[in-house]
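Which chain is which? They are A, B, C, D and E, in the order written, and residues in each are numbered from 1.
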Amino acid sequence: MARRKRLGKILPKKASKFQKKMGKAPGTITYMGRREGGTSVVNILEYNENVLSEHIPGDIDAIVAHKELPEISWIDIVGISDEDFIAKIGKRFGLNPLVLEDIVDTHQRPKIDEYEDYIFGVFKMLYINNEQEIVYEHVAMVLLESCVLVFQEMDDDVFKGVRHRIKNKSGRIRTRGADYLFFALIDAIVDNYFVVLEHLNHKIEELEEVVYDNPTPEIAHEIQMIKKEVLRIRRWIFPVKELVSRLIDTENPLITKDTKVFLRDALDHSLEINESIQIYREMSMSLMEMYMSNMSNKMNEVMKVLTIMASIFIPLTFIAGIYGMNFDHMPELHYENGYYYVWGVMIALFIGMMIYFKRKNWL
Amino acid sequence: MARRKRLGKILPKKASKFQKKMGKAPGTITYMGRREGGTSVVNILEYNENVLSEHIPGDIDAIVAHKELPEISWIDIVGISDEDFIAKIGKRFGLNPLVLEDIVDTHQRPKIDEYEDYIFGVFKMLYINNEQEIVYEHVAMVLLESCVLVFQEMDDDVFKGVRHRIKNKSGRIRTRGADYLFFALIDAIVDNYFVVLEHLNHKIEELEEVVYDNPTPEIAHEIQMIKKEVLRIRRWIFPVKELVSRLIDTENPLITKDTKVFLRDALDHSLEINESIQIYREMSMSLMEMYMSNMSNKMNEVMKVLTIMASIFIPLTFIAGIYGMNFDHMPELHYENGYYYVWGVMIALFIGMMIYFKRKNWL
Amino acid sequence: MARRKRLGKILPKKASKFQKKMGKAPGTITYMGRREGGTSVVNILEYNENVLSEHIPGDIDAIVAHKELPEISWIDIVGISDEDFIAKIGKRFGLNPLVLEDIVDTHQRPKIDEYEDYIFGVFKMLYINNEQEIVYEHVAMVLLESCVLVFQEMDDDVFKGVRHRIKNKSGRIRTRGADYLFFALIDAIVDNYFVVLEHLNHKIEELEEVVYDNPTPEIAHEIQMIKKEVLRIRRWIFPVKELVSRLIDTENPLITKDTKVFLRDALDHSLEINESIQIYREMSMSLMEMYMSNMSNKMNEVMKVLTIMASIFIPLTFIAGIYGMNFDHMPELHYENGYYYVWGVMIALFIGMMIYFKRKNWL
Amino acid sequence: MARRKRLGKILPKKASKFQKKMGKAPGTITYMGRREGGTSVVNILEYNENVLSEHIPGDIDAIVAHKELPEISWIDIVGISDEDFIAKIGKRFGLNPLVLEDIVDTHQRPKIDEYEDYIFGVFKMLYINNEQEIVYEHVAMVLLESCVLVFQEMDDDVFKGVRHRIKNKSGRIRTRGADYLFFALIDAIVDNYFVVLEHLNHKIEELEEVVYDNPTPEIAHEIQMIKKEVLRIRRWIFPVKELVSRLIDTENPLITKDTKVFLRDALDHSLEINESIQIYREMSMSLMEMYMSNMSNKMNEVMKVLTIMASIFIPLTFIAGIYGMNFDHMPELHYENGYYYVWGVMIALFIGMMIYFKRKNWL
Amino acid sequence: MARRKRLGKILPKKASKFQKKMGKAPGTITYMGRREGGTSVVNILEYNENVLSEHIPGDIDAIVAHKELPEISWIDIVGISDEDFIAKIGKRFGLNPLVLEDIVDTHQRPKIDEYEDYIFGVFKMLYINNEQEIVYEHVAMVLLESCVLVFQEMDDDVFKGVRHRIKNKSGRIRTRGADYLFFALIDAIVDNYFVVLEHLNHKIEELEEVVYDNPTPEIAHEIQMIKKEVLRIRRWIFPVKELVSRLIDTENPLITKDTKVFLRDALDHSLEINESIQIYREMSMSLMEMYMSNMSNKMNEVMKVLTIMASIFIPLTFIAGIYGMNFDHMPELHYENGYYYVWGVMIALFIGMMIYFKRKNWL
């Protein structure tokens, strides 16, 4: 199946979306991301233990038909900037306007909201793109009785493994309900956090080495950047733990007891991730300390060179200055070996200074 | 409708209001702000699904008449320094003296108090004025059965969007009760926090760049100012989350179940805001660190210049000093090419030093 | 009525009271303050809606008589170093020895203890004296059925407003019970915290300016002093919030439901105070950072002057040194305009240096 | 009664006790302190309202006889390195092996364990010895029905006051049960924490003054030492609060309601202590900051002296250098008053410099 | 019995295991450690009060036979990189696939999971190897009715003491059930944490001394390393406390009441460990502060030497420069004792300077 890129153009960073949203009624669908003007691409994967089909639906009605199929269907919607399209989907699936608002609100923090007929979740997918940057993608998911709706901003995602397992009947996914699919998607999101954190870890460890070798102002800047990156990641990852807990504790029949065992596994991983991010935070803060201590070292080295040069040659120059004076009566000037005596004194002073600095461990 | 500015003159910052209040009985209405001597302007917006009217009431009785109208009325009172007027309003609407005290206490922290017949809330509106400064405005609101009383200090506010929706019948506001109006006003306040935080974010990011390029003492001062601004914003914004939670959990019949769904949305946003402010706090604290590290760099650069100049020229001066001595017997002075030899030594020394500093990466 | 000063002499700061108390049985009355050897002065204010009288009782029996009067009586005891007197009072009013110990224990942290017939509270009054210093005064209060006992260390207090309201029948105090008086005293204590915090705020803001203009070692010392002051204030103020909560939650009939509404107002203020003190703490910690950054700036400035002077004149001196050498053959010395050429070279060097430093923004 | 010192020799600090304990079964009695090879000295104090006797028991059976006496007995065992002896005591009094292990485990943190017939507590006595050092002594106590067992490591303790009250019938201790004795011992331990904290306070304040006057590297070291001392004290003192709370909340009949009133007083003091230690922690951390700021000041002063000397004399030396040159044609050299003119210029320069530095506030 | 080393080769540190795991179904057994390609060695210890046998089983069936023996059996599996083998074991013992996944997931944080027929635990063994490094080894344990399964990564472990006690019938282990064995293994793991923490303590104290004597950049690097080590240890040790608590609170009949008494002892130790690690954390953070303060001291010392040398000799050189000038009329040059007068002035200046610096405490 072809997945076409019909995502809108990227807006400049500072265009205030919040200003635009102000004063609107809650439930107003206002796309908050930076990819205005794109269209949405829908892809439907329909399966049960025996059958499997995948297709791109012609119109909205073709999408909604999957809502109550005997098979499980995964309706994947890429591109959320078309507010009208989202509104239509919402209406057909009976979603609350507040849910629709959150689907397109790319600033919405991760959360789970339970409604009578469905469970709504907002997550952030984090993954490394080809430029080795961390991508943050807003993803909203709705669990209905035999169907999972996935809304994502961009073409790329972290669900390749899940698709593969469905298509290849690998693991237990083909034999289970929509709630297991919902779990599997969350699991894929959480699993990918490990990859991102590992990437972050490598970046921090690289910086650690550079700071040690050559602390330049650019490095200080990069340290600040990584500190901010850790803060941002923490913000999007931290709530996931609490959110998975809520899915485990819910009495909503949409989540079966069988799936909760697996959710507990995802909870374990959320805890691990939160611990890691905490550690990376402390490591990134230590980097700045390290930087300052190395700067201080460099300065010390510079000062030692200056002090040694000045301490040795200023007194010697003084001595030379003495015998450069033009007094009529300066007996030393007329000594046979006066010049050599002075050299002797100067060399002795020089050696004495060297010993002194050696003893002080400055050389 | 004309909204006249009849706000009092602004007092100097250090005039202690607390001193003035000390010893008074609780429930004494004591205006704590800095706009003494103004009068209050009242504006009433009255509506239901079908009708809409707006007017400035002639006297207190005309205001109170709206308390139990079949229509919803929004009674907007601008200017709270006229203690007698507030007392009269309070008496007619049956408000507790402690509520009246808090209405005019501009230092009161955000809170919700439930009374038998009404719910009382204190908030802080934050918005950016034309001078691009953040304005903090105390606003108190009382939810009665079919009426919402709003007390604000200054003419300007963040409720333009709500007024517009009422007048244009946009959204669901015209079909709902006073509790939805109460929510809509809180929602408008919270929505505006995003705008203010975005403004703060831009200021922090600007400072980040300036600190990196040119860390002057003035910048250190500005960093301290922004740190204090973050503290102040946090103080007024943080309690809102807890306060909205209380409105959601209340069993008070004044808040309907329908409105609580919307309050949950406002709660989401309060959580987001609290996370953001926390991040801005850490970013503002990092700024100072960045400043110190750049100061340290500048110092290092200064010291390197000094050390290089001194290390090169002090020894050379010493050599010149040697041959400036006036000893009778200094054979070198009489060498045919003595002068040129000395130049050779000095140039060799100079080149050696340059290589040394180059190797140390100081050049 | 005359309020005589019969407080004992102030002990030197380091005399250990704890040593003295060690090993004694709990409930032993041991005055822990620094005003040994004074006598206690008692003043009784007796009132109800209609009557009012004030007098200094002749003996203990005259005091105890007020315990169960139909009128409310406020028994104000100034001076707590006379352990025997306190013991007698305690015996007559039936107070637990542990209560008596705490009344004279000036180190006791703020707390509320409920006993069968009375409620016992310890507070710290904070106020600004004439020397503009913050005074910490231990105050213990006992609420009985129609009487409030107040034990304070020194003559001065923060209850002037309450006395005034009683004497002038202002507010509702004359129409209410002893619990309202108890509340009014707590309220007066809490209200005064605002005044003290405002004073603290001014001191911090003054220091902020001074640090910015002229960071001397004395300023660093003052910053440390204000940090300690904030710690001390926080210690005595923080528990008040929890303590007022306990009075609100108690089921003790000594506190009526009517008074609890007012206590809730005092709770609001305790929360505000705790937030303020937290902010002052962060501001006082920022002061030190500011100080260090300004010190760093000053140092930078000093180093720039040195570097500029040395970088310009050391090379020039070297050139002068060259032509001060006494070699027989130095052709330049015999040039017609050799001297002027050298001046030319030196002036060129000087200008080049100036341009270099200008470009580096060091001038 | 004679209290002989039969404590073992003190082991070197680094001998690992943990290594020795590894792999042993839980409940194995392994003395973890550093006073190996001593014997235990037992002293029994037996009393009720009327009788009092004290003696050193001949053998184990003589000790155990006191377990269920009609009188209260306080069995004080000094020296816990004799593992066999402890085992025998434990067997006779029916103590759990885990209790015995903890009695001799000097690293055991403070705790209360309730067993069916007894309550077991571990504490740390802190006191100042004659060398003005803080001593940490492990003490374990067992409360039985009419008997309290006290196990301490060394001869000295903080129970002198309790012994004195028992022997002199002072306070209420002679009229109460074993639980009151148990409380009185805890109270004595807690009371002594105040003395230790006061000592710590004095040390911190002394350092504050020294840091201000003369910040040497030794002072930095002492600051680190005091920071570690505060950490250690906090570790042993902090759990006491929670532990006393547990004694108050227990439903164990060994602790009577009467005694709980007194435990509440001890709880107050534990809270006070925890607040104090927290404050001392912040004060000790501020010391380092103070040190750094004063170091920075000293450096600044040093640099100013250097800069002033160099800035004044380097230019003057340059001028002297000019007229030390040997050009054939230097008209100034032949001016009648050339020498005096040069002096004039140099003095003018000197004065100009002084004014410049004065203006900069560097002098 | 021979314990052969058949562990796989160690992978390079950066090979991402997470990448490999991504997209796989939960419950997929994926070895996450760095010892790929080894085989598992199984050792079975079977015992009750009277009998004891130890053997290496021939095949899987020989292992499973021990699951429900009347004797207790300890099945020790060394090497977990053979995913197929683990899968077979899992199948035979009826373990959940999620358990199997966690057995080989060396990144799994410590935890306890209860299943119907067994309790599953993950721990980290920490021990010091021969190179005096801290080794972190993942260990998973399954408690069945009369059998404990132990999965460990490497040959070495901390269970030598437990094996010894079983073989020598020492302590109570031979008379108790599988739950006591399970406890004894946890106890051995926890006991070893003390040894590791002591090792860490020594390393920190060593660094403290080195930092004080000679703060080099290498030391700063080592301080960072130890800070990271503390973070890592904390991560693996901290959860143990919560985990032992869960075993104590469980109602699972696999854990008897008798064993819970012992678990409470392990809980005590977990608390102690957590307090220690917290203290080491603060100590390691203080090290950096100490380092910076000593660096600052060194710099100060360097600057003082420079300042003293320059301040003394620059003015003296200036004086010599004066009398090196070649003016025609310089009367002093012709004084009989001019030369000696100048020496007098210079010596006086020198002495004055020395006194000045002495007074400033710079010498």
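Convention: a residue touches a chain if its C-beta (ideal position, glycine included) is under 8 Å from a C-beta of that chain, and two chains touch if they have at least 3 such contacts.
This is a predicted model, so every value here is computed, not measured.
Chemist: Which chains lie in contact with each of chain A and chain E?
Modeler: Chains touching both chain A and chain E: none.
Chemist: Give a one-word verdict, same or different, on whether chain A and chain B use largely identical residue numbers at their interface, taking over half shared as same.
Modeler: different
Chemist: Find the geometric centre of each of chain C and chain D from their Cα atoms only, then give the gap between the two centres in Å, rounded to an integer.
Modeler: A distance of 27 Å separates the two centres.
Chemist: Go ahead and note the Å separation of the Cα centroids belonging to chain B and chain E.
Modeler: Distance between chain centres, rounded to whole Å: 44 Å.
Chemist: Chain B: which residues touch two or more other chains?
Modeler: 292, 296, 299, 303, 306, 310, 314, 317, 321, 324-326, 330
Chemist: Considering only which chains touch which, how would you classify the arrangement: line, ring, star, complete or other?
Modeler: Chain contacts: single closed ring, each chain with exactly two partners.
Chemist: Report the residues of chain C in contact with chain D in the complex, numbered from low to high.
Modeler: Of all residues in chain C, those touching chain D are 14, 16, 18-19, 21-28, 96, 98, 101-102, 107-109, 111, 113, 214, 217, 220-221, 224, 227-228, 231-232, 235, 288, 291-292, 295-296, 298-299, 302-303, 305-306, 309-310, 313-314, 316-317, 320-321, 323-326, 330, 332-339, 342.
Chemist: Considering the complex alone, what residue numbers of chain D touch chain C?
Modeler: Those in contact with chain C are residues 158, 160-162, 164-165, 170-173, 184, 187-188, 191-192, 194-195, 198, 202, 208, 212, 261-262, 264-266, 268, 271-272, 275, 279, 282-283, 286, 289-290, 292-294, 296-297, 299-300, 303-304, 306-307, 310-311, 314-315, 317-318, 321-322, 324-330, 361-362.
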